[in-house]
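Report on the following structure.
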């Protein structure tokens, strides 16, 4: 959607705060670029740990997004389309991970899914599955934090979408599930894509819940944000270099996805 | 403009105290005697907020101190205020690195108590300390095991047993560096399940029984009460951490600050600190 | 195309549908009492219709027409009452299991599917393979004159084309009850005429029950065999379009359904009605047409007017008089059965009473003719 032809002047009361907003968001990134030790950058990036962490970050964020899609989209549908008692409360609960400090979220996950957790102890004794300190644990922590973004985004799209399309489908003999799969899902695909991108970005930058629930072990649970944080303790230059890599990769991916998906409609 | 970073940090600190209280509270569910730490953190949080409201009073002392000093310094701050009516001690507890960064960045503080000479060196190198820092306590490593020590861990070497989930501090933070020193000294190779970002996180993993053992400071084991069991090990002697304290050059209240440093080094101060598990220097 | 089917709105049910009846004749068709309670609003409507019947639910906005339609489709649950279709109870059947097709007001064509796949959607859901469903859909679209638009997305279709795709989609499931919600409301005035004529042919050819909802009396009278007028959730009158127009039972109906409607063959400016009389119109048409004029356009005389320029002059007698507000609707029989609206004063001056002989005129400019 490109503006064509004559453009109306942008009103100053909108333009000014908009530019301040833009500067506010972009300035820290520019500062990061300015302070990057460019000369030692190649050396900083030569370490295999950096690429290991980056690869793990991308894999885990993508897996967390996939998990969020599989269980988050149906949840969003339930919240948007089914009128059940306590729906407002459930919606508030779903958004809880957004307000919960991620570290507390990580502790809560440990209490739920840890080796000694409410559910985790059964996972351990019945299936021999323990999630903390594993790559799967990273995915769980990231999905926990990222999924609300997807659910909220998809629910919003669903609410905006006309539910009568589903009704039309049922009058044509489609079960509710078929109507969802063949009509609703394609209709809200742009919203799902937007939600997935949000969730992916959030998962990629996740730190608190991940380090609390999955710990920090290079190659297994040490994602980029963890590597950045720990590098910051002793070697800020290395931390900046790592952040730069994470930024560059996420900007590249998001820009690519935006062109392909988010402008589809 | 110099006030705003300070205010931010204070907010972070209050938030941190809240999170710590939450951690302690949640830990209560698995053990019944965790209320000590819980109320301590809550106290620290509330005393701090009241202090900030009256920080304009003359006789205010601002102390930047390592997080591990929280319990004992809060106690000492109360004693100081009692001994010198009209004074008010405000603490900013946090990771020594970030505190040092704050001081070199111009945060108005009177006293800096660091968890390692390395972090104190950042401040002295920047010329922000007045005089030579003095070591006022030392902290020694200890193995924290599950209550009752079910895995019968008695030495650093026991931690290398296969099947045992051990968490260590990351090598980038002081306690992790100390552990590495101890391991190197005894030529042991230990692969943990996780390198935690700080000592409290490492301890939490054991408190929640996610890990079987962690190597942390003696003071942390003590503060955790009976949620963990401490096991001393001889190699820890090779990795004792010195805690230096210094008066800062730009101290707004140098007189009261000196008095506070004296209290910390006095017999009375040392009693409080050793009760918390610190060693005398 | 079913161009040969030119059944008038008031025509009897298609005989072949009755011949095909195997169960008891009274079980055929629709027999419903729809009660829907929604707090401050209560719908209570009884509806019956035989196979081939086209019933129009007519009423103002908020009267409950759409609720009734949704209840028939199973999209709104019944609070009480019953719903029998061809002897089968549908009350508790979910919408996807009901042999009911719906044409929604704004069609609700699936925007991500082509016209073909929109029509194939129903057969697919009924278990047909993709190829079978598409073949069936192609036949339906061809029947609707849309063979050239099978691959088009709904966004690329004109209003009239979209309406026909929606009709094809509803019919492709082989429904025993076809529901149409304001089928012409989304169209502009010009396409409306054209689509109305097409829709009338398809409805006339449809062998099961059709129920349409509209607030437009002309649509109702052209398309339906029977009108059911609903106000505030209740049926206030029902009958053939002519009956309702001539004997409106409420002021609302008198105001709304004030229309004299006839069918005939046009030739130039004259239309010869199937019943004999001739009406002169302003439109120049040929072939089968509808002619309509409002009751207010009729002027009545006790004596044959001499100086009148009106070419449409018929002799008759007063069959009935009904007062609606300050208006009186006069039912006139004779050469041409019609309804006329007079002020009470004019009626008094004329001294009208049932059985009184009368002359009626209508100016050509006040008639409307359009292709049937």
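General remarks:
Residue numbering begins at 1 within each chain, and the chains themselves are lettered A, B and C in the order written.
Simple rule for what comes next: contacts are C-beta pairs under 8 Å (C-beta built on N, C-alpha and C of every residue); 3 or more make two chains touch, one makes a residue touch a chain.
All of these numbers come straight from a predicted model, not from anything done at the bench.
Following the contact convention of this document, no chain is adjacent to both chain A and chain B. Of all chains, B has its CA centroid at the greatest distance from the CA centroid of chain C. Our note on geometry: chain A versus chain B, Cα centroid distance of 34 Å, whole angstroms. Mean C-alpha positions place chain B and chain C at a centre distance of 85 Å. Chain C has its Cα centroid 54 Å from the Cα centroid of chain A. Listed in rising order, the residues of chain C touching chain A in the complex are 73-75, 94-98, 100-102, 104, 108, 110-112, 121-122, 125-126, 169-170, 173. Those residues of chain A that touch chain C in the complex are listed here as 162, 164-165, 167-176, 178, 182-183, 186-187.
If you check the complex, the residues on chain A that touch chain B are 101, 103-104, 107-108, 110-111, 114-116, 132-133, 211-212, 214-218, 221-222, 226, 229-231, 233-235. Looking at the complex, you find that chain B touches chain A at residues 15, 19, 22-23, 26, 29-30, 95, 97, 165, 167, 170, 172-173, 192-197, 201, 204-205, 208-211.
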